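The following blocks contain the structures, represented as structure tokens.
Shared between the two complexes below is subunit A, which pairs with subunit B and subunit C, respectively.
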Partner chain A sequence: MTEGGVLRNLAAVLTVVGIIVVIWYAACVPMNIKGVLTQAAREGVAVVPEDAAERRAASEIGLVWQNRFAIPQTWAEDRPRLPAPHQVAIEMWETTVEKKITSKRSLIYHGWVTLSATLLGFAIGTGLGILLAVGIVHSRVMDLSVMPWAIVSQTIPIIALAPMIIVVLYSIGVQGLLPKAIISAYLSFFPVVVGMVKGLRSPDHMQLDLLRTYNASGSETFWKLRLPASVPYLFTSLKVGIAASLVGAIVGELPTGAVAGLGARLLAGSYYGQTIQIWSALFAAAILAAVLVGILGVIERVLLRRMGMAS
Partner chain B sequence: MSTSSVIVAEGLDLTFETNDGPVHALRDVNLEIAQGDFVSFIGPSGCGKTTFLRCIAALETPTGGRLSVNGMSPDEARQARAYGYVFQAAGLYPWRTIARNIKLPLEIMGYSRADQDARVEAVLKLVDLEGFGGKYPWQLSGGMQQRASIARALAFDADILLMDEPFGALDEIVRDHLNEQLLALWARTGKTIGFVTHSIPEAVYLSTKIVVMSPRPGRITDVIESPLPKERPLDIRDSPEFIEIAHRVREGLRAGHADD
Partner chain C sequence: MIYVAFALALWALGWWVNARLASGPYASSRAVGLLAPAIFGLTLLAVWELLVRGLEVPLVILPPPSLIALRFGGSLPILWADFVQTFVKGALSGYVIGCAAAFVTAIAIDRSDFLRRGLLPVGNFVAALPIVGTAPILVMWYGFDWHSKAAVVVVMVFFPMLVNTVAGLAEASAMQRDLMHTYAASYRQSLVKLRLPAAMPFVFNGLKISTTLALIGAIVAEFFGSPTVGMGFRISTSVGQLALDMVWAEIVVAALAGSLFYGAVAMIEKAVTFWHPSQRG
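On to the complex of A and B.
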């Protein structure tokens, strides 16, 4: 790409980010105005209307118009309904860079707890997904018996299933990392199965006929044709799978009342009305997912280039 | 049956059962192909020319009659790796270099490393692709890819080469060039070649024997032994003999269509 092209793309990305930030700041004003006015009235500042019950019934937009002086304060509350972008950014900065990693308030510490469950679950889910796909492609019985269950498994809301998995595993003495990883694996094996089955079946009749003319065995067909042909499909699935793994790990932290992990931060934030903490945990999860998908993308590019399938 | 016949079909039938009733892909096909023959199968779509080639390769199973390849059943011949098969598309593996694509059958058939390398060199020279062994398929033109797929079929010791419209997707000029090269290759290797085509000039230019087929049911309507010499420059296509054979092929194709 030319330098001009890079700059143009960067400008486009920044424009979109800019628009989102502007909308966000604008949304904070009506969302937070009632809390700000209540606080101001308590401190003896004159607000319109003066009666608290009347304010509760009034529309937010009207209140903003009548109390324009209070607008800056809507971006600086301690416990806003909707925190402003800079509040989230400052919170994230303070809980990542300025806190020691060992601190219970460090987002990096909580992120690592969630990441370790995500990676373990992703490894289990990917391994299971590949094994199931190989079975499904090679056995008609497995194709008919396993695939419907795999599809049904994904129709059950994970939020309903997660507590049961954790309770059942706890009762047989398994706790800590593994139950969360299993919930992760439960979400991530499915895209791998679907993508891998498609990939292993991607060689056309002609290529299979060619191997037949060589009198190639089933395992030779698998190792020399089906498996290499499935690699691009596998990576597409892995990117979906790792994002699902992260969601699984976070969901797995919610029902246990876990004390550590991004899910625990979300839960604690909602208990204590710490919206800024909730939003910074959400952003930490989003950034983590983006980084994981990005790493898979780099591995994919390097691998496909080494295989000669990309220029 | 002469002793030099490598492929013999007697009363060969093949009926596909479909939802719309049986389809007679081949009916009562009788043919003998001798060692070193270059046999073209020509006819309109649905005449069974590809199906017959696939029967020889044991990729289809006839429902009646007898078919032998090198004195064996087609499936035994397949297991003995008696033939190389070239498909309509090159079908090279995109994750293998040209050299490693050619090695694919050699790996499966258990040739030694050193033997594999020597054979790859030899067949690359044979199809005029020296120096391209390290390239990936996408770096080659369509014609070069098809030549590489021919090299792949020549790499192991099969004395029969079955080709299913190998140049069908290529333009006229590339096709002429590849036809010329194919004849040279045939002269050098002495292989028996079965060649499916849509093109009358291609069939007449290449073959020692032209099998004209017609559809519904798929059957042989004419077998023409070519009087053309083995040595064939491209301009032989303007000679009266060539035009006469082409005319006979065209008549055969028309006769097959007349009873539609």
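On to the complex of A and C.
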């Protein structure tokens, strides 16, 4: 892409992000106005209408219009229904940069707990997934009997197994990192199997025939043709897989009321009404996902260029 | 021990039958294509049953399939109520609202090249995020009942659907568009007669991805708070009571609902995009 094209795309993306931020700030006003007015009335400020019951029944937009003085306060509440973007940003700054990493309130600490489970599970899941895919491609029996189930598994919410795995493993004494990693592993397993099978099968007849004329053995065909040809497919499913792994690790932290991890932050935030904490945990998870997918994308690009397959 | 030996023998038998089927003359027929996975699945269930009985695995770790089936048959009313609460009220309504909203948004931004250029990377980015995390926020806003679950589903399906629809609308080739232009077709005509039909494979791809996301969203959102009915609620409370047969029964319901939902959308796709190479086989 030309430099001008990149710049124009960047401008477009920034515009869209800007629009979203503006909508967000605007949405904070009606979302938080009732809480702000209740607070103000308690402090003796005159609000319209004065009766609390009447305020509860009134529409948010009308309340905003009648109490315009309260608008700035809707972006600075302690426990808002919808925190403003800068409140979330400040909270994230305070809990990442200004807290020690070892602190229980450090977002980096919680992020690391989730990330380590994600990465361990992702490694297990992709490793087993690639092995199974190799088996499926080379064995007609496995292809016929296992592959349909791998495809069906994509349409069912296997994440529903998560609470059970955590509790069952806990009851036999396994806890901490491993149960979450197992959930991450099986969530990334099936996308990798399906993508990898597709990739290993992507060489066409012409290429396979060529290798046959070279008198290549089965393993040579595999290492020199099938495996390299599968790399683009593999990376596509790796990106899906790592996102699924992260979701798995987060959901895996919910059922035991875990004390650490981004999922635990979400749960604790929702118990205690700490909305800013929920939003900052959510953004931390989003940044983590984006970074992980981004790293895979960079590796993919470098690898494909090295292999001479870059498009 | 006899059970375990029997399980191993059964496994070997199932594998042998499938190996014969796979190397036999009808290996690529449709019947074998259905029979082989069925045999594999049934063997797996039987081996599970025999191993659990043979090794005397405690019920709180892994109940045998027969007990799960009994529990499934015995609590149909509860399972049905949970299904209605989570799937029909939560997932399905959210799915319809989310997909429709994304479809309309895609058509709305389609006219502006600038917006499309900006929204596509943002949409792709958001589609990869762990959006289930919005569940606690939405449960706080919309209460414990199905409305909050539908809201989670809307947020989850919106971006994958949007990205797919926008990509689909760009699918009609320049040649085809020029042809519509020479017919003096208006924007509306070329949208309805050329670009929407051409976008359908992509739209259905988005719809199919969204079926799974909708169920995941509805179930996980119930882990953050729900009325005393619903699949996610039943799973988390039954896990707490160590009633694992009930958990497995709910998982069976979730699996059935997920694959039937996907199958239904795939069938509609077959009828709508019958012209597409991937459907003509």
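Simple rule for what comes next: the second predicted complex is superposed on the first by the 293 of 311 C-alpha atoms of A that agree within 3 Å, B and C clash if a C-alpha of one lies under 4 Å from a C-alpha of the other, contacts with A are read in each partner's own complex, and residues count from 1 in each chain.
To be clear about the criterion, contacts are C-beta pairs under 8 Å (C-beta built on N, C-alpha and C of every residue); 3 or more make two chains touch, one makes a residue touch a chain.
Here the structure is a predicted model, which means the values were calculated and not measured.
By the touch criterion stated above, A:N9 is placed in contact with subunit C alone, subunit B being left untouched. Look at A:R55: by the touch rule set out above, it reaches neither subunit B nor subunit C. Using the contact criterion defined above for the overlaid structures, shared-chain residue A:E220 touches subunit B, although it does not reach subunit C.
In the superposition on chain A, A:H110 contacts neither subunit B nor subunit C. Between subunit B and subunit C, more residues of subunit A are touched by C.
Legend: residue contacts after superposition of the two complexes on their common chain; A:L210 is shown touching subunit B, with no touch to subunit C. Across the complex, subunit C meets subunit A through its residues 15, 18-19, 21-23, 27, 32-33, 36-37, 39-41, 60-62, 114-115, 117-119, 121-122, 125, 128-130, 132-137, 139-141, 211-212, 215-216, 219-220, 223-225, 231-232, 235-236, 239-240, 242, 244, 247-248, 250-251, 254-255, 258-259, 261-263.
Within the complex formed with subunit C, the subunit A residues making contact are 8-9, 11-17, 20, 81, 140-141, 143-149, 152, 154-157, 159-161, 163-164, 167-168, 171-172, 239, 243, 246-247, 250-251, 254-255, 262, 266-267, 269-270, 273, 275, 278-279, 281-282, 285-286, 289-290, 293.
Listing the residues of subunit A that touch subunit B in their complex gives 206-207, 209-216, 220, 224-225, 228-229, 231, 307-309, 311. On subunit B, the positions that touch subunit A within their shared complex are 57-59, 78-79, 81, 83-85, 87-89, 91, 93-97, 104-105, 107-109, 136, 138.
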